[in-house]
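All remarks here apply to the structure that follows.
Labels run A, B, C, D, E, F, G, H, I, J, K and L following the written order; every chain starts at residue 1.
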Amino acid sequence: MTPLIQILDGPNLGRLGKREPALYGTTTWDELAAACRAWAQAAGCRCECRQTDAEGELVGLIHAASDGADGLVLNAAAYTHTSVAVRDAVAAAGIPVVEVHLTNPAAREDFRRTNLLEDVVTARVAGFGTDSYRLAITGLAARLGAGSDES
Amino acid sequence: MTPLIQILDGPNLGRLGKREPALYGTTTWDELAAACRAWAQAAGCRCECRQTDAEGELVGLIHAASDGADGLVLNAAAYTHTSVAVRDAVAAAGIPVVEVHLTNPAAREDFRRTNLLEDVVTARVAGFGTDSYRLAITGLAARLGAGSDES
Amino acid sequence: MTPLIQILDGPNLGRLGKREPALYGTTTWDELAAACRAWAQAAGCRCECRQTDAEGELVGLIHAASDGADGLVLNAAAYTHTSVAVRDAVAAAGIPVVEVHLTNPAAREDFRRTNLLEDVVTARVAGFGTDSYRLAITGLAARLGAGSDES
Amino acid sequence: MTPLIQILDGPNLGRLGKREPALYGTTTWDELAAACRAWAQAAGCRCECRQTDAEGELVGLIHAASDGADGLVLNAAAYTHTSVAVRDAVAAAGIPVVEVHLTNPAAREDFRRTNLLEDVVTARVAGFGTDSYRLAITGLAARLGAGSDES
Amino acid sequence: MTPLIQILDGPNLGRLGKREPALYGTTTWDELAAACRAWAQAAGCRCECRQTDAEGELVGLIHAASDGADGLVLNAAAYTHTSVAVRDAVAAAGIPVVEVHLTNPAAREDFRRTNLLEDVVTARVAGFGTDSYRLAITGLAARLGAGSDES
Amino acid sequence: MTPLIQILDGPNLGRLGKREPALYGTTTWDELAAACRAWAQAAGCRCECRQTDAEGELVGLIHAASDGADGLVLNAAAYTHTSVAVRDAVAAAGIPVVEVHLTNPAAREDFRRTNLLEDVVTARVAGFGTDSYRLAITGLAARLGAGSDES
Amino acid sequence: MTPLIQILDGPNLGRLGKREPALYGTTTWDELAAACRAWAQAAGCRCECRQTDAEGELVGLIHAASDGADGLVLNAAAYTHTSVAVRDAVAAAGIPVVEVHLTNPAAREDFRRTNLLEDVVTARVAGFGTDSYRLAITGLAARLGAGSDES
Amino acid sequence: MTPLIQILDGPNLGRLGKREPALYGTTTWDELAAACRAWAQAAGCRCECRQTDAEGELVGLIHAASDGADGLVLNAAAYTHTSVAVRDAVAAAGIPVVEVHLTNPAAREDFRRTNLLEDVVTARVAGFGTDSYRLAITGLAARLGAGSDES
Amino acid sequence: MTPLIQILDGPNLGRLGKREPALYGTTTWDELAAACRAWAQAAGCRCECRQTDAEGELVGLIHAASDGADGLVLNAAAYTHTSVAVRDAVAAAGIPVVEVHLTNPAAREDFRRTNLLEDVVTARVAGFGTDSYRLAITGLAARLGAGSDES
Amino acid sequence: MTPLIQILDGPNLGRLGKREPALYGTTTWDELAAACRAWAQAAGCRCECRQTDAEGELVGLIHAASDGADGLVLNAAAYTHTSVAVRDAVAAAGIPVVEVHLTNPAAREDFRRTNLLEDVVTARVAGFGTDSYRLAITGLAARLGAGSDES
Amino acid sequence: MTPLIQILDGPNLGRLGKREPALYGTTTWDELAAACRAWAQAAGCRCECRQTDAEGELVGLIHAASDGADGLVLNAAAYTHTSVAVRDAVAAAGIPVVEVHLTNPAAREDFRRTNLLEDVVTARVAGFGTDSYRLAITGLAARLGAGSDES
Amino acid sequence: MTPLIQILDGPNLGRLGKREPALYGTTTWDELAAACRAWAQAAGCRCECRQTDAEGELVGLIHAASDGADGLVLNAAAYTHTSVAVRDAVAAAGIPVVEVHLTNPAAREDFRRTNLLEDVVTARVAGFGTDSYRLAITGLAARLGAGSDES
């Protein structure tokens, strides 16, 4: 059966295209979600996308993905650096999780070097802009054994 | 009058029994809540139980307990290590608060050694599995002067 | 046109007047909001006030202020010390932001010395009790070029 | 057969009732020992109590408990924060060990936050005054499967 | 009687208007002092202004203000970050002291995050440029109960 | 013209397939290089591969890539964590550089959390095993505007 | 009545005169004890001297001094830097305690800069060689209001 | 010939008797200087006293003492914790220097634990109030071989 | 004359063979002592062995060895990491001291990386199991110029 | 016109030739100043020399040099390590500043490794004794485009 | 068959006998290599010796030893403290590795306390001068079960 | 005889003129080497220049300079911050070594503040661009007593 990849985006990512476009580009979140669905299809998967600013809701969405999806692409944004709750949810997810970032957080403020997810995720992609999502989906699909034009 | 003990559980604890059973056991949160009610009764108290993944909601539930309950048993889970907001709410609660943990967090990752609650709670119990809740309720009931078979 | 100043208060501030009055005074949050509206009018501005215990909701309110207000007075309370999400929202706000505190957090616990907002806000006022809000509104109004009796 | 619980108290605890009563209460060590024996009986166990100011003697008493007791309730007092020797003895004990404190050490000086035992003990109880011992004995008895009125 | 507010400025502030105008503006120190006198009058106070580059002289001026003034507005500049002597003088002043900065030091070099005054001053204002002095005088006057047009 | 991607592998990677296969898999370095050439072709690029254990030689190879290639995929292995010389060469390269790792170094020893390259590279991929190279080449090719079946 | 001053010396001090004479001088411990008795008499006090290498025994001797002496002169030697147990005993002593050292520990190894006693003792004398004891006794006697030729 | 002891007091000590009397007592600096002269005479020495708030002047006074006095009793107050200049002057003094404090700085704020003088002075006395000066003079006189009633 | 080597073992080593045999082997302390005597004889030395759990007693035994033995082989176990008293005794011993460990402490918990002896001992052997003692005796004998079959 | 180089020396340098000659040589400050004038002339410049022990005066002298000289050679001595005021004055000077030291401070105490000037000066020379001044003047003259025999 | 022990020496060790003889002795590297061969023969082993100043070459030599030798005696010298590449090669070697040092590095500079090899080697010998190699070979031979006169 | 000065340049310096010209200028390494030879001649010395990217080769070149040159001018570039091997070679060189930098590394990234050479070199010059080499050669020549027009 076609594997399901859940895409989850954390706080402030709903402002994509409006927030600091010099840093994050002009693509909106809706356009990114549409692109993800296309990339997933090209990689032989289905894909659902959600965004939330709330830590507790993000935790709940990870729980739901654990129960209903085959893999997770997670851009926890600011919660990457502060949330033990998100970390605990990821660590218990039981499905492969790929951490993804538009920019390269290491090239920014010092406190972004604290990363509470990096040692519980399966793999990581950062710095390719929105193309980071395409690579994450492609790599995750390969890992899930999805039939795709690229594998 | 019979004292009321509020039990509050933080993020991911609603997954009890499903999340990492090797570490946390197979009891579900509903079963734990039922057991708490029985233990409270045995200790001469009433008891209410709530669980939330959201930091802001947990803060609000502590406010409500401050106004309506006689004592609080709190397992803030991940927020134990990151939430100044929860700490501020506990520090202002005006009722005795017992911190409780299923496992012994000190025996786990380094960042779990940062505990923002430990110096504002009244007492602490950790490492007895679900039995930690029984001991916390028992000790809190004694402090509240509840009539019980054990005191 | 009359500039609009948004006042945003973070976790536990809804308990103002009830929580630790020796430290925070007996004015309630509703009274503070009324005073802010009066101070803003005196300074030639309009003003709206909101309080929330939830980090995600606070992030959303900052987004809304970015879109609809001319300046922001922010008392993020506990999130001042822990929230990269709030910081990211402030950094992207595109309007002047004044950080405000009732007390002087530097005179309290060590962990309150970590301040994730202090280098992305425009200006800061602390330690005048509720009068901190008056000064913040006054200074922000001057910066926004509002017509007032004081300038 | 009735399980044997060893109670071991470390340095300065022999001064209980004389040393800083505002902090530690007026119960003497002999009275505490008598109470422990009663609580153990109520929980279906036997119990022996010893106190020593000397690190080396405490190490030897833990060795003896390893050989002759079924569980250990340990209040290592100051050695909790400084003794690798006591830690090594606990780690090698081969029986469940419950760490107990009258007060909540986390609410005191910074150097008491260094705890060399916390990750080798089975469980922990702190902050209930002498009642901490009752809860520790009760929880340990349950773990040892002792017949008691409470379980 | 009309309260007296002492304004004290520390090292390099005599260069105001000449030193790094992009950062500190083009107002000279004499112009700032004149403005302070006007702001104080508007707030129902008298005001005296002094500037010195020398730590020991600044300590002596704080002693004099302790004896002869009702409140102190202090911009200790570089000594904010290095002087225990200035801190000791402030801590012993016995009158309210408001720390003031033209810019927001937190947004600059790391060593400016060490602030030896922040926990002994009464209140703080930073980041409004020279308007920081107006807000500090206004807030201090209110605290001193001065008759003013604004209160 | 077809863009040229240089692949550079650092110390111990020549042992691939022999060194700790449980951690790094059984693919040898020669097999990985062949796969990279195929992946590059699929992405519309040419690709050359080199491996060296020597820091100075790796620096020289980065210089050469700066002069002759259009992009660089770099797995500096141990030198990621210790080499300022490699960092300086990368920072001066003048072409996009993608950092790649077979495993997720963050999930390993503490000293692997020091990463001297992470803030000078363009993008990063880690944790997909040898598939990390495919994704890095794919993403880099897209950035270089290479004609490929995937873009 | 003539006040009693207890002199307590910690580990290795029994070797005085034999151990590193270039650093500690050639006076033996017996000679130092005799000198202390003479100095105490000159200051209008009685004085008793004890030395032990054992931390637990030193704790017990402080307990005894708390019960039977009017003041304590303590050279805890190595335990100054490592013993929370000795600190706890000093903090609970209820009599004035003067910390004394032959040499100036601050001028030696870094780990001697950690001093667990310095903030619970009443006063401190260091660096006068054996004369440190004379000054400590003299100062303590004055504090105890002893009749002496010097006061 | 009668040895000359120079007494030097640093910033804020001129306020003695006025500044925080609960902490520092009611003796004024002039009274302390008079007492020092008497104590010096009793110890067979002459004594001169100076106080300054200025770091540079204190450095110069230490130079003068190096040239004209036989020993130095130094209470550098705040400069104890911050002044490398004072330290350099002390280290080059070529005469014995006794560091003296009225209170026990170790029992106060953390930044007072940084002591730049402690490893270049000859000896130290702290915590006896003004009696600290008597003991310092007495000990220094003995070291200088002064004829006194006490030696 | 035949040199005398003193072997001293610290806390918990009397449990050798009983304590964590997977880590420390099944040889008992008595068997190890016997082996040491044989190894010493083979190296042309005499040898005496003592074990104690008490820090103060270990200090005294080092004093005794300083007076009566030609070299010391010391396994201070836990006191290696915590005891300044043992360090002071070793530093003053005046005979060569070889630090010995059964396992490689560096491969264990972080706090075992603090080693208070390592810079005052003459040489070190670790990680060969009980054979560590044979090598330490052999090396020490060579240094003492003992006649042996191996030198 | 002939460029003017200001030489400024900080605390304790007036003692040159008297203070620790083994470390700093026997040349006095007056002799050094004369040599500087000769070296400046040889390099086609004029040169003025000043020394002060006072931080505030040094700040003022830097201000004066900013207004009247073409370049500054600064040996801030102890203030190099502690003075943010001097740093601020240097950062605002608007003329090239060369930091100079007689010795190599890095080879001395740890606290001399904190250097508050090193990142705001133009260039640095250290460790050549008084010849450091000749090289600093030579290099600065070249930068100022002075006519000299060496350029 | 006779086991083969590889001896590998790192940077600067080729200067043995020339470099700082007061610290390292007068034996040259060639003489040490000859002695090692004799000691290995006495212990029933064969032995080969190599020295290199280059990190990458040392890594390659460890690879070669992994493939062709039965055990490794490694003195990585400076690379002990800085090389993750050498550490990775040792960790993957698959044969017992004994770390050896001529002196006791712990008694030297602070940065030599960082040891990247200590937790991946099998055993360690330090401080016996060139005799350290004899003991390392002897201990390694015993572990390899070599026939020798000593085992 | 004419003294020989060896110039040694470390990693990436061969790229001089090509690498980041805005930071390092447009002079190539060959041009710099030619200039050095001219400056050395003017200072009465001979001079040889070498550059290498390899740490091990740099170590060997320092060994060679120790044997054949009278002084060393060393720009270790990146190895300044990471190489204990280079430090060890410098410390054992037995000839004066002047550390030289084109730019002022202190004004750059934090990790460049770690300098492993600064306390073993004789003197240091930084921040004059290529003129740093002229000053280093001039100062070293003076120290070697070379006949020159400048001395």
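Note that in this section contacts are C-beta pairs under 8 Å (C-beta built on N, C-alpha and C of every residue); 3 or more make two chains touch, one makes a residue touch a chain.
Please read these numbers as outputs of a predicted model, since none were measured by experiment.
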Next item on the list: Would you mind naming the chains that touch chain G and likewise touch chain L?
Entry: none
Item checked: Pair from A-C, E-J or I-K with over half of its contact pairs in common with B-D -> I-K
Note to self: Give me the C-alpha superposition rotation for chain C onto chain K, in degrees, nearest 5.
What the structure shows: 180
Note to self: Just the number, please: Cα centre separation of chain D and chain G in whole Å.
What the structure shows: 33
Margin query: Roughly how far is chain B from chain K, centre to centre by C-alpha average, rounded to an integer in Å?
Written below: 55
Item checked: Shared-contact residues (touching 2 or more other chains) in chain E -> 54-57, 82
Checklist line | Chains that touch, pairwise | finding: A-B, A-C, A-F, B-C, B-D, C-E, D-G, D-I, E-H, E-J, F-K, F-L, G-H, G-I, H-J, I-K, J-L, K-L
Checklist line | In the complex with chain J, residue positions of chain L that touch it | finding: 42, 98, 104, 106-107, 115, 118-128, 131-132, 134-135, 138-139, 142-143, 149-150
Next item on the list: Would you pull the chain D residues touching chain I in the complex into a rising list?
Entry: 54-57, 59-60, 63, 82-85, 87-89, 91-92, 116
Next item on the list: Can you check the complex and tell me which residues of chain I touch chain D?
Entry: 10-12, 14-15, 19-20, 52-57, 77-79, 81-82, 111-112
